[in-house]
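There are structures below to look over.
What follows is subunit A paired twice: with subunit B in the first complex and subunit C in the second.
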Partner chain A sequence: MSSAVPSAGARALPVSSPADVPASASVRLRLAALARAAALATRGVVELDAGRAGMRMTASEGMRVDGVVCAALADGRYQLSVHLVGAMVALRPLADAVRARVERDVAIAGLADQLGPVDVAVEDVQVRAEARP
Partner chain B sequence: MILLLRALVRLLGFVLLIALALVGLGFALAALLGDQLGVQPEGSAVSRWLERLEGNDSQVLEAVIGGGMVLLGLLLLIGALAPRRERRAVLDQGEHGTLDARRRPLAQMFTALAERTRGVTHAKAKLRLGRRAHHGRLVLRAERPRTTESTAVREAVRSEVGELAAAFGLKTRVQAPLGRRGRRVQ
Partner chain C sequence: MSETQSPRTPRRSGAASEPAEASSKAKSKSGNEQLSSELGSTTIADAVVTKIASIAAREVPGVYDLGGGTARAIGGATRSIGIGGIGVDERMQGVGVEVGEREAAVDLTVVVEYGESIPRIAGALRENITRRVEGMTGLTVTEVNIAVNDLYFEGDEAAAEPERVE
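For the complex of A and B:
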């Protein structure tokens, strides 16, 4: 869970909103912050999960984005992996919704040409009796 | 290249371990059957050390070293045999990205789906994932009351979880034993 104390990048300041990241920050960090905010705003996403050791995150320039791993690809784009805790909903539509929202927000930020594949990893689900997948 | 190097390291490690095991076996045979095999370990450092072990002196140091070696061996075995990466159930894999899930939440989902099925008092899902994507086995145990037929419950559970299980490429087996007393039907 994201509440776990991260071991890597623990001193880095956690980013809670893309507004926390300055425009001069690295593309990697900006993409990760945008993806985190987009995923959290998606219906069916309960929270993001940085893992027990807090390794699932993107750290750069004294800041870190928990639950999103952003890695550079050989073609110059960046691959995003969003590690989420989902509600008891259908997983394919959830992943599609997360991807669509990430792509939209990244395009608004003018970084669409930098965005590569967006992986969605379901780390946990919150099972509730009233929800139905 | 990296794959080749990894294979080389594994092969060397394997060969070295076998060599070490053979040397150990040789020492053991020499100590036990030295006379019959024509080996004379008397007077050697190993022999003196073994004599000291057989004596009445305290052997705390040797015991600690022995225990440490056993522990180290167990740790090495775990390190060598434990899978390096957690297996994940892959739902989609393509140019746009991958959608996968950990085993535990997926089993929770299957359990929740089965428990919502009419006539099921309690359910438990066991999930084993294969090495390759879209390969795995799902065993669902759905308990039922006496008033419900086993076949009906199995069919109902199968239809409830079938779509999700098929999407992950899981072979599904549903068991519907009689539930414990006091458990209520959903």
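For the complex of A and C:
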């Protein structure tokens, strides 16, 4: 039954840049878009990974941010989980660099008070010769 | 043909000929203390460790292929009909990993080239896999278990090809 109707997230417009998200959008969506852009701008990150079912994403207001899960915490802040594919580099420092960049860009956007922990999950690595669809 | 080299090696198997502090050194350089904090956590998927171990194994001279007979046969069959890589990453065949929060164990099935020293290849595999996995992930590699599944003779592939009828 449920497979006949695509989820709201699947129908939503993918966000490729924080500029795609209006300032009036929810904090959750804005944080996710900022995190996605920050992660992709980090050297060593090849792409973000929404998972086989495409459920690692944040969807709201007709838009979706793939590869980033943003969820509310009880204290009013939001927890971010960034799921990435890395290059063949040291992955722990890469995760730390992503976290730092996300925190910096969120602070620049004036949302630092809303930001909780930033979890980084390296889902896969890509060797140079590997072509991804 | 199946010969198992060190089926259940001791913890930190590659350290047999290394100084005793090698294990503690690996832990101190790994930065595992930064795995999780109030700022967030870092997780590394099993597939990542599998791929790193697989690539590291193939870097060792004398290793012809990875995987048992069935896995290699399926890989060869799918490749021959042009669907290689669909569903299963061939580079991950022959590699099994157990990944914990701070440590990882690797099980490897390899085919080595005839004439090479299996103990030397096994040692080189442990050393290279440990170095690559620890370097890239910060996890401490506690075991690299190696099963030598077959030997490769030069010309084996040509002999296996079906004869052409003209």
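One rule holds for everything that comes next: the second predicted complex is superposed on the first by the 119 of 133 C-alpha atoms of A that agree within 3 Å, B and C clash if a C-alpha of one lies under 4 Å from a C-alpha of the other, contacts with A are read in each partner's own complex, and residues count from 1 in each chain.
Rule of thumb we're sticking to: a contact is a pair of C-beta atoms (placed from the backbone, for glycine too) under 8 Å apart; a residue touches a chain by one contact, two chains touch by 3 or more.
Given the structure is predicted, the values throughout are model-derived calculations rather than measurements.
**Student:** Looking at the overlay, does A:A38 come into contact with subunit B only (first), subunit C only (second), both, or neither?
**Tutor:** In the superposition, A:A38 contacts neither subunit B nor subunit C.
**Student:** Let me test your reading of the model: by the given contact rule, A:V68 touches which partner, first (subunit B), second (subunit C), both or neither?
**Tutor:** A:V68: touches no partner chain.
**Student:** For A:V122, select first, second, both or neither according to whether it touches subunit B, subunit C, the two together, or no partner.
**Tutor:** both
**Student:** Looking at subunit A, which of its residues have contacts with both subunit B and subunit C?
**Tutor:** Shared contact residues on subunit A (touching subunit B in one complex, subunit C in the other): 80, 86, 88, 91-92, 95, 99, 117-125, 127.
**Student:** Can you check the complex and tell me which residues of subunit B touch subunit A?
**Tutor:** 88, 91-92, 95-102, 104-106, 108-109, 111-113, 116, 164, 167
**Student:** Which stretch or stretches of subunit A touch subunit C in the complex?
**Tutor:** 80, 86, 88-92, 95-96, 99, 103, 117-125, 127
**Student:** Looking at the complex, which residues from subunit A come into contact with subunit B?
**Tutor:** Against subunit B, subunit A makes touches at 79-80, 86, 88, 91-92, 95, 99, 117-125, 127, 129, 132-133.
**Student:** Show which residues of subunit C lie in contact with subunit A when the two form their complex.
**Tutor:** Subunit C residues touching subunit A: 30-31, 34, 38-45, 47-48, 51-52, 55, 135-138.
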